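Structures incoming, each one as structure tokens.
Common to both upcoming complexes is chain A, partnered first by chain B, then by chain C.
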Partner chain A sequence: MRVAERIKNDAGKSPAAVAGPSAPTTGSGSGRKRRGVNREGLEAGRRSTRTLLWVLLAAAMVLYGFPFLYLLFTSFKTPIDTIAVPPTILPKEWTLENYANALGRSGVVASFINSIQTAIISTLLSLVLAVPAAYGITRYQTLSGRIFIMAALVTRMVPPVAIGIPLASMMASMGLADTPIALSIAHTTISLPLSIWLMSSFFEAVPRDLEESATVDGCSRLGALWRVVIPVVSGGIAVTAIFAFLASWNEFLFALLMTAIRSQTTPVVIANFQTQFGLDWGSMTALAAVYSIPVILLTLLLQRKIVAGMTLGAVKG
Partner chain B sequence: MRISDRRFALFLMTPAALFLAVFVAFPLFRLVADSFFKISPIAGGPRDFVGLDNYFRAFASEAFTGAGWRTLGYTVIVVTLEFALGLGMALLFTTLGRSSQIWRTVFMYPLMIAPIVAGLLWKFLMIDNFGLIGTLLHQAGILSNPNQIGWLSDPNIVLYSVAIPDIWLTTSFMCLVLFAGLQNIPGDLIEAARLDGARAPALLFRIILPLLRPVIAVALVVRGIDAARAFDTILIQTNGGPQSASETMSLLIYRTMIRFGDPGLASAMGTLYLLAMLAVAFVAVSTIWRPGKDS
Partner chain C sequence: MSTRKTINRFVTIGGVCTAVALAATGCGAGGPSTTGSAGTSTVNVLVEAGGHAELTGVAEQCKKDAGVNVNFVELPYDGMFNRLSSEFSSGNVSFDVAALDSVWLPSFKDAVQPIDEIFTDEAKKDIFPALVKEANVDGHFIGLPAWTNAEIILYRKDLFEDAKNKADFQAKYGYELAAPTTWKQYQDIAEFFTKDGMYGTDVKGGVETEWLAHVLQAGSPMVLDGDKVVIDNAAHKEALDFYVSLVKSAPSGAAQVDWAAAQNLFNQGKTAMTRFWAHAYRQIPKDSPVAGKVGTAPMIAGSAGIGGVPGPWYLTVPKATKNTDAAKKFIKCAYDNNSMGIESSLGLASRISAFEKYQDKAGYESFGPLIETLNGKATATRPATEKWQQIVDTVLVPMLQKAVAGGDSATLLADAKKQIEDLVK
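On to the complex of A and B.
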């Protein structure tokens, strides 16, 4: 409120200046009442302002959306047009040749299967470990819980390049070299701290009476967690699962360090197109499009959940 | 028999704690231990204790200090631009209100794209000869020659160019977080300030930004840590070149380990890198964020 007072004082110094801007504000205030209850606070009222803002938004969206659209357009060009000088935005001739080339290459389809496998195993592992841990941290508020969540936060700062090599040699000595299991474990080191953090925020929102009444009714604590609390936070678990899945799906460095041929994931294959086969831009763009489109569609379908997850930790601060 | 609540909490946390101990803490321990040895890159080769020698070598090498500064520069470029653009977009979405909701969703799409793909697609836009950006600027009459700006081949600007995909990917995250923060600002406060005659800049700098401070702090710390670890986008665009002008710390450690086959030196660099990250994050968190101490 101190800020608001200071502004009041500033405005008090020049009453003449106040009369100008405040008059239209009250005008738009009555306009708001007319148009409905949705609008408040920062929302712009005047028509001209709104038009200008929409134009700005349109420009921003075009600039922001263009890079990926260009990737898509390029993937439909003929391989020669892909690297034509000067480049064109739209293909002169639409063809699926690049897709056929990319998917026909040995190892590409296998890498998709590896990516899916690795991401699913890593997501399940993250959830199985993070859900009970987050529940233990938020429900019982013990010292060990507070230490643990800080430690989990610290692991978020560890650069993957620092633990990648020791981790890879550990996996090799456990006989897991070049397997999706080894890579999913590595990916879980990234997604687990995030999952614990997210799930803690979701558990905090569950009223404590819920499982207290369940335990009074004769449920064990573990039974109360499983039968009463988990169903309530299932939405939160879904959000956490999406994030764990994406973390693994898009990860590159561990995949580069820990996989050879058998368990290679698609990001590594995309990067290898650059060296192994010269500069095959056409196939690269096609494969990149095939790899990105499922997750982009997923986002559009599940956007509400994703927004909830992204903003939860940060806004609660 | 009923165990105490404290034991039960510990029991719930144990699997995750064990996992992190085995697969994060132990490799970290190995990293620090390796940093005191001179290690042959050949498996089963000799391993000699050399004390702090690797650390001296790291500090003496220009590649290491250079990579340190570049990592810092890169992080500052990425986080600053992302914050400015993200705040701009968040304000735009807020002032447009509900009717912009669908566009908020669309704006989020780069977040789901793999960094390796983002690096690739921007490389394709900026590459010499058949890059589209140079051509478009040439056709618009801004450049006299499509290759006038060597986005990825000019050592003086390459660090800015390789930052673009990172900015493009995660401005959405900044925007989302700030947008959510903006929704929590009470409307009457803004209303009161407006009635008192506050114009847009005063509203922004004296009310909105101070109120958003905790949200901004978290967003900057989270993104700063990520940007300082950037690897994928830079590797695919330039592989650290030209003349190491875009070689950040992650790339240098990777190359020292894999290409130059010097795990001891790479471990010392990794240890220093980790310590620097922890120190910066600790200072940032304790001075601006203060979890749980909000008044």
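On to the complex of A and C.
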């Protein structure tokens, strides 16, 4: 029996039973006392470990969460408060002025639409390409498949700045300059390798028996993929979609190089609040806070799928 | 289910997705077109985000006067140089007019067209001499200064006019407390106000322009004299020693202080004086503790007189645009309506007559000192080398940071000379 299964089976049993045949089951009063003391010691140890873990967890949460909270608080500060020396965490006076300034700026609404459009197209492209690629690689196990997946990994190592300018020139020569499709294709070059790797690990976790059973029941190979495998890895697809969406949603460099009037996305507009003549912290943080809302909502919406997807890839059958 | 059926389903879904994607990307949400087609009266103007407001009024006026519609392509300063390099080198430009920082002009001089016809004799008289000189590259004018700036002195009028401060200063230094005009006065006043948690001034280790202004005031060209590297001469050392001497009257961490930090310190009331770009005067927040208490004065003078480094932006027409006529019409509009920039949030212009028109109006007290600084005897633009940005980033700023942290000025300047010689050879 595997260790994980044994732990799971033992979970409902008494400590004595769990201890196994070598553990003493009877004894004197002093033995019971000693065991009682040991159990108390063990409990105390567990409590302190748990406390330590909670402290570490809280520290990690502060570390990750504080910058965002600071951004959020700054977005409600008055102009002079945003540049206070030394800085303050909470606004002295709460105001929505920064949100009005940021959202009232020309081009902001259009940039939001562009960001959504680009991220959706890029996510769709990534999934449409990554799902069959990953399925083929994991199921056929060919040499070319292995080379392909390694090559996909290598493309992740190339700094985006190295391909940004050639990619922008290529798109311009194809007549796609300043279009969301050009930016989506560029973003897909970032998310596709990761999507293939993620989907490969999810497909590997699906027992082949499932497909074979479906085939026995009359499904074709593609039918088994569509009707059986894809529903099983839907959590994994959600995780992959989230990563692909986020990669596009937050991307800045390609957007800077490839967009102008028609397809400028919000990260570039946020950066525009820092100019050679000053930094408008309040408006910048307000727009950044608004821009975070869709991805936060998306993550909450797909939370269950994400957790399911994460665990799907973690344990192989 | 048969394989054919499944394939059909995949093909249908894929087709729908592709159709949606293509339909959605026919054009983005920002506007109808990126590049102005040949002969149209619409121009795309590439501009740094901070300068956009400067040209908004001009664009509206240009539509009325010349029938030229303007779309602005707004980019952050840090990414603009890369974008310009990429588009100019590919020969495919997404804009018909580009507003270029003066330091980029030498780098892109071959990618933009001459606009000599705009520089009439009358125009040349109405633009600051240093800018006329800078705009002329290889015998042709390639950029019209849309707006310009220079560092002036901003000081706390309330502290300078305080009777006790005046008396104490007189007693300690033997002359009247007033806006500084010389290096010595600046040092004394900075030292005097460094007390009770306040500092006399800031020292900016993260930027080079201010030190370069002091080099000019000390009587030397900045860094390069023609092809010769002169950064180790006496004037550079004198300017560096003066710059570093102010560290004791400035907040700690001078090596990291840049424009934004210095502006914050002054607007928060932490420093009594700052040498800063003139536009900052009109950008003091209304709720700042120093709002309404700030005075302005021209940049201080060294042995060579008042000297500043102008910070103009030039409107240029790329050779690759198909819309040259409309682009030049827009530039002419920008010249004719130059004073409209003063009404914008940045509040700058490039024509002397535009600044003079406003200098006596309330709220524009920075213009008099700005005009005086831009006309200063020692005022000069940065060296016209395409390596300038590289020299700044890799040599000048690191050298200043070491200097304000206590490095030996002569050694640092000698090292800088070697590095710059390697870069420009």
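As a working rule, the second predicted complex is superposed on the first by the 221 of 317 C-alpha atoms of A that agree within 3 Å, B and C clash if a C-alpha of one lies under 4 Å from a C-alpha of the other, contacts with A are read in each partner's own complex, and residues count from 1 in each chain.
As a convention for this text, contacts are C-beta pairs under 8 Å (C-beta built on N, C-alpha and C of every residue); 3 or more make two chains touch, one makes a residue touch a chain.
Here the structure is a predicted model, which is why all the values come from computation and not from measurement.
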item	value
Partner chain(s) touched by A:Tyr291 [first = chain B, second = chain C, both, neither]	first
Partner chain(s) touched by A:Ala271 [first = chain B, second = chain C, both, neither]	both
Which superposed partner A:Gly223 touches (first chain B, second chain C, both, neither)	second
Residue contacts on chain A - larger count, chain B or chain C	B
Partner chain(s) touched by A:Ser184 [first = chain B, second = chain C, both, neither]	second
Partner chain in contact with A:Ile165 - chain B first, chain C second, else both or neither	both
Touching partner for A:Ala130 - first (chain B), second (chain C), both, neither	first
Which of chain B and chain C A:Leu56 touches, first, second, both or neither	first
Which superposed partner A:Val85 touches (first chain B, second chain C, both, neither)	both
Overlap of the chain B and chain C footprints on chain A, listed as residue numbers	83-85, 128, 165, 169, 221, 253, 271, 274
In the complex, chain C residues that touch chain A	1-3, 5-7, 9-10, 14, 17, 21-22, 24-35, 44, 46, 48-51, 71-79, 82-83, 85-86, 90, 92, 94-95, 101, 260, 263-265, 267-268, 270, 277, 279-280, 283, 285, 287-289, 346
Touch list for chain A against partner chain C, complex	78-80, 83-85, 107, 109-111, 113-114, 117, 120-121, 124-125, 128, 164-165, 168-169, 172-173, 177-181, 184, 218-223, 226-227, 253, 256-257, 259-264, 268-269, 271-279
Footprint of chain A on chain B - complex, ascending	5-6, 8-13, 15-17, 19-20, 23-24, 26-28, 30-31, 34, 89, 91-98, 100, 103, 105-117, 120-122, 124-125, 129-132, 135, 138-139, 146, 168, 173, 176-177, 179-182, 184-199, 202, 206-208, 210, 214-215, 217-219, 222, 225, 228-229, 231-232, 235-236, 249-250, 253-254, 257, 263, 266, 270-271, 273-274, 277-278, 281, 289, 291, 294
Footprint of chain B on chain A - complex, ascending	3-4, 6-8, 10-11, 17-18, 20-22, 25-26, 29, 38-44, 49-50, 53-54, 56-57, 60-61, 64-65, 67-68, 70-71, 74, 83-87, 89, 128-130, 132-133, 135-137, 139-140, 142, 144-145, 148, 151-152, 154-163, 165-167, 169-170, 185-186, 188-189, 192-193, 196, 221, 246, 249-250, 252-253, 267, 270-271, 274, 281, 284-285, 288, 291-292, 295-296, 298-300, 303, 306-307, 310-311, 313-315, 317
